[in-house]
């Protein structure tokens, strides 16, 4: 079973707001990077102590604190204390099986997305991996939490460094939009790959139904269930953000959010279409099997129907009765052969009339 | 048929508000425990008479009256009189086939949930048990009614005793939330088990379609229908509570209710996903059967198609006609053998070209 | 086809409001019973003339006029004139194929429900019967119209007579609620029976797929379609009544209506669940048939695959060629037998490796 | 393919509001009848020139102008000019593939309905015909456009002539209602016929699955798709009219519209039920085929499994080896016969134990 | 796989608002045509430089700038600068995989539609092509962007030139409506073709199930998925425009938009109907295969069941035992023949009674 369907419950019985990591087991240190910028200045560094983050709590510049790794509760709790984050939010950050959602805390917005990637699995097949991206967006502040260091945000970081686009002129809300946009763009990479696999699979199916093709169809169907579950709720999240539900997101950014909303809908539609295409493929597969069975049975029936009666006739004249007058006739043998030939031809004509051959 | 699908009707014809127990037959005494606490004091006891409950009707502390067993109408009616509970509510408490719901009576909220557990059934298979949990929440008062003493609330009680978390500082509404949270958490234990069974079942299916696997798929499908029916309406119940529909639930608790709402949605999504996965498995199962049938028929057809005509030829020369010149030829026998060999090889080549072998 | 699916059209072309009976053909006199009561007095009688009803048009007591039989238009029209009932309402009363609905005429509410029962049909099978119950509820007045004298209202009448429950203290709206409650309760009797039949059917299916079981599944599926159609719209009717849409229904009664609303939802859910269970059973049935076919084919293929080639070999040595050296060998016969045995064993091993045996 | 599924496009490229007839090709003159009435007077005539219609544009009486035939654009345009009808409305009148709809132009309402009938088609099978009925309703004015002269409005016209019912006392809106009611009533005639065919079909199916029954099921399924598409949008149309969306329709008529709304819902429900019943029949059909195949295969397998091995044994002793001691034994032949008998009986017992026979 | 299902992602990582062409690769110059008109004057020309467009930014006449080809970002960007178009809109114009949508920018409306056509594909089969049409509508200004020069707008241009219809009297919003109407009309050309193919396919199916028919069904099913995806969102777009959501579209045009809304709904309904018809065809196809298989198996079983036992009997008397008294009897041979004849006839009667023949 794909990893995405696993239910993890090691939190049962604990009081609400307890920061215990739930999810894929991971090790290694938590890496924190700080990027602080406005239109004129840029500062980027990895803090050696969590105390160094304190000064950014209400700096006028835009501060992006990028946290990679959420499996060390102490670090998350420390950050939570520094920035006064609600314990339930901290719990959601480390409990990495959340579905996409958005929670508005007036001066902060908490957003959860799924970071998806497609890696080479066993047997050379693409396997979809999913991790959680949590964003806390405030005025001039963005804290992002992710499980591993996927490079999906590299282009956005580059744009900040090189001051490309509007990113340096606008606030933390635009930065948050940029990250969400990068995530949604990455979904299309997966969908492109799946689309190509569908094309290959379709051509395979034309060559006849193989059990491997059936298994591949089912594997992809399940991938689509998983993708839909991961992306579907994001539509509502972005819709609410773009409709101005939170005060953190300003009007210029809302126009950009409408754009990423369009992309999300496109991704969902592609998934739905793939699902329908896969269902169609399964129908083709099953009707091909029926067809093949029909072919096989027709061959058997034609051969058996022609030869079983003839063998019976041969059996008659293979009997050892003392008194069988036909056996003594001069033309007995040719007559029987002729009779057999005529029977066979009649059978063939019958099959042709029924369009079996 | 699973117990959950049974319809029980021993109440027909009685006037509304009649307190008659409807549900699983149970015996034994009703056990009542009282936990009364505020931030500084804690008192826990089992009342020897129902009169002892009267003092808690409007005490300033938080009072949790935990009633285990609802099969003795007299006790329920007595409690109903003490705390002025509407007869229709009492009827719902003892009629234990309610679906999750919430009813607002201004100074009281009546909430019904399903307590689910998975026990070893016949044949070592997990079987889902369901009982009813009824909560009456007032200011400083929580009365809970359950059918048996499931230990799902032990952690919450522990937190009260040890003054862990916020539970001792907040009111009866937060206590009610804690119990609802414990119930929803327990759903995930069941879903985890089902998920693991799905993994096992999936691997079994790879080894070929067995009737046992089909039965297991259908058993789990039915379990999912049952789970969905038990959990689905809870989503609406918690949503209404968290949106502040009742005055009993205060704003700080509403944030916590939003958290348990997320968990309920996650549980429902897991159920839907399991359903889709099970449907996919059934498709795999059925297409495997078709495939197998195809294989079987191909073997039969190949063997029959090769040997039935050859047997016919042998039958020809087994006939006892006096005048059959071939029988007298020196090379008749080898010629027939050669002819048979060539026929067989041609058949094999034909099957190979049609990709049957 | 079940009676419920019949469409009856003997009303086409008549002007609207024409009172012509449409429905199951019935005979016999229309029976009218009047029960007039308040908290202190009770009067029950069968009026010998319709004029006797006039005095109850605006009496301060609660008057229940129970009309059994709607196939005599004159009686219905006479009552309509006495109580100033809209012609379209009279038409609906005698046109007994209405779906459940509620119409508010300020000082009157017109409610239609389906009275369902399950009777022994042909072949000892339960068959669902449906008739129409029409209620006209005013202040202090309830007129009920039903097609036959089902005893479903006996308990309510008993409660009036014996002054049990609240029924004597409250108005005509509570009486209407009591009748609706009795009707919904009677649905559960049907659902209980269906549930028990499902259990029996399920055990039958475990013993193997019989065509009778398939027919029974389809029969029950159709019953579920019929039940759903009869009950589903009632949900909306009761919801509107309980939300206070009509002024006739007072607030205390609305709480009771919420209770019967819960029961209606439970009934609908049970129907939906039964439908899903029946679909699952059909899947089991069909996959069992496939399995059986597979078994049959495997037996045929194993037998044929082993013996057809061997018969061919025997046929070879049954040929009558003059020059067949093997026939003359001393060990020819045992050698052939051994060869046949080895062939057979190899075949068996092959089948075992493919897990056919 | 049923006529209803044809898409007609001979209007592409023309400017909007062009009056070009699109639909079933028809010939013959356009017939116009005028009925002008109030409570006391009645006048009915066929105008010889379109100028005769001018006086009725704002007469205080109710004027019904009945136009039969919309395939002559000039006539429709002339009427349009006389009564100041919007070009887009005229276009809809002659483009006869509209779905039911209602458009409110303050002092006029434009309503489109489908007139359905069931005629004897090829092979004696009922075939559904559909044409368009367009109504323009104003104060004291109703213009109706239909394609052919179906007699569905005869009863309404009769009531006007004989002054039966309310029709002479009320306005053009009540007349419009009467026509709509007549159309909806005519749907039930079709549904009654289909219901009877379903009954016949069901009994046929009990006698075994024939390809003709399958084709009949599919034909009826398609009819249901067609009916649903023709009737479904009417529900919304009547609902909007009965909720007082247009000022043309007065309150007394709205009560009557609610009645015809009920009938529309009943018709839609009947269609949905027929669809579900037809799906069930198809399931019965397919499972019967599977059952039959199973029966056939069992007969084949039993016969083959018993006799193929026995034939092999006979083949053994039909071999012509010189040295076969059994052939010389006195009791060889009876021993072999006995062995064969025992084999056969064992086989039969095996089949009985597997419940094949 | 049809082109429509391909996902294209060469934009990942770029900042939002980057104008990079995404879609079908195309070459050739971008062709721009300007048509400027009011009721009295008309001017039509192809600008040699983009600067020539500047004067039309706020001219009082209606200006239609028709841009064919969006694969040259520089041109699009230049136009964007001239007319102050939002970068995100420019991006959508060149990213040609948008779904239909409408965005309101107060003094401008941005509308996206799909231009569909059906071309001869490989094997002479119709293949649906899709390109993007983007419209920017302002007061007195319409800029249209399309990928290739489909002639769908020729009739509208003709009407402008010849001053036919209202087009010259009304504003840019009416012009925009005319283009949308032309696009929706062109959908019906495709649907008409598909409808005709369905008719042909249906007749083919009556002649028996061929694998080609199954493939054709699946191909058309996929075309329907594609069409639905392309047209479905347009319904909402036009509905919003016709409900007056934008100030650019004036009330007279809104009536015309309601007309094109009707057509869109009709197109969607036709697609849905075709989908249902195709599903029905697949059911017919699959049940025909089952029927055929049944026929084939019956022939095999009848032949085998009659002749295998007879062959066994012949085999018995072909055995070479020394002591087989029947072989010596005078009437042995005729007796056996008679026995065989009777067996065969009994078998035939058995099959007839089971209705196999």
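For clarity, chains are labelled A, B, C, D and E in written order, and residue numbers in each chain start from 1.
Assume a residue touches a chain if its C-beta (ideal position, glycine included) is under 8 Å from a C-beta of that chain, and two chains touch if they have at least 3 such contacts.
Protein names from UniProt, one per chain: A, B, C, D, E = Magnesium transport protein CorA.
Remember, predicted model here, so these are calculated numbers, not experimental data.
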*Between chain B and chain D, the fewest steps along chains that touch one another*: 2
_Given chain A and chain E, the chains that contact each of them_ = none
*asked:* Since chain A and chain D are copies of the same chain sequence, what is the angle of the rotation superposing the Cα atoms of one on the other, rounded to the nearest 5°?
replied: 145
*Taking shared residue numbers divided by all residue numbers at the interface, is the value for chain A and chain B over half (same) or under half (different)?*
different
_Nearest whole angstrom, what separates the Cα centre of chain B from the Cα centre of chain E?_
42
*Take the average of all CA coordinates in chain B, do the same for chain C, and state the distance between these two points in whole angstrom.*
26
*Would you mind listing the residues of chain E that make contact with two or more other chains?*
290, 293, 297, 300, 304, 308, 311, 315, 318-320, 324
*Does the chain-touch network form a line, ring, star, complete graph or other?*
ring
*asked:* Which stretch or stretches of chain A touch chain B in the complex?
replied: 1, 5-9, 11-17, 86, 88, 91-92, 97-99, 101, 103, 208, 211, 214-215, 218, 221-222, 225, 229, 282, 285-286, 289-290, 292-293, 295-297, 299-300, 303-304, 307-308, 310-311, 314-315, 317-320, 324, 326-330, 332-333, 336-337
*Enumerate the contact residues on chain E facing chain D in the complex.*
154-155, 159, 164-167, 178, 181-182, 185-186, 188-189, 191-192, 195, 198-199, 202, 255-256, 258-259, 262, 265-266, 269-270, 273-274, 276-277, 280, 283-284, 287-288, 290-291, 293-294, 297-298, 300-301, 304-305, 308-309, 311-312, 315-316, 318-324, 354-356
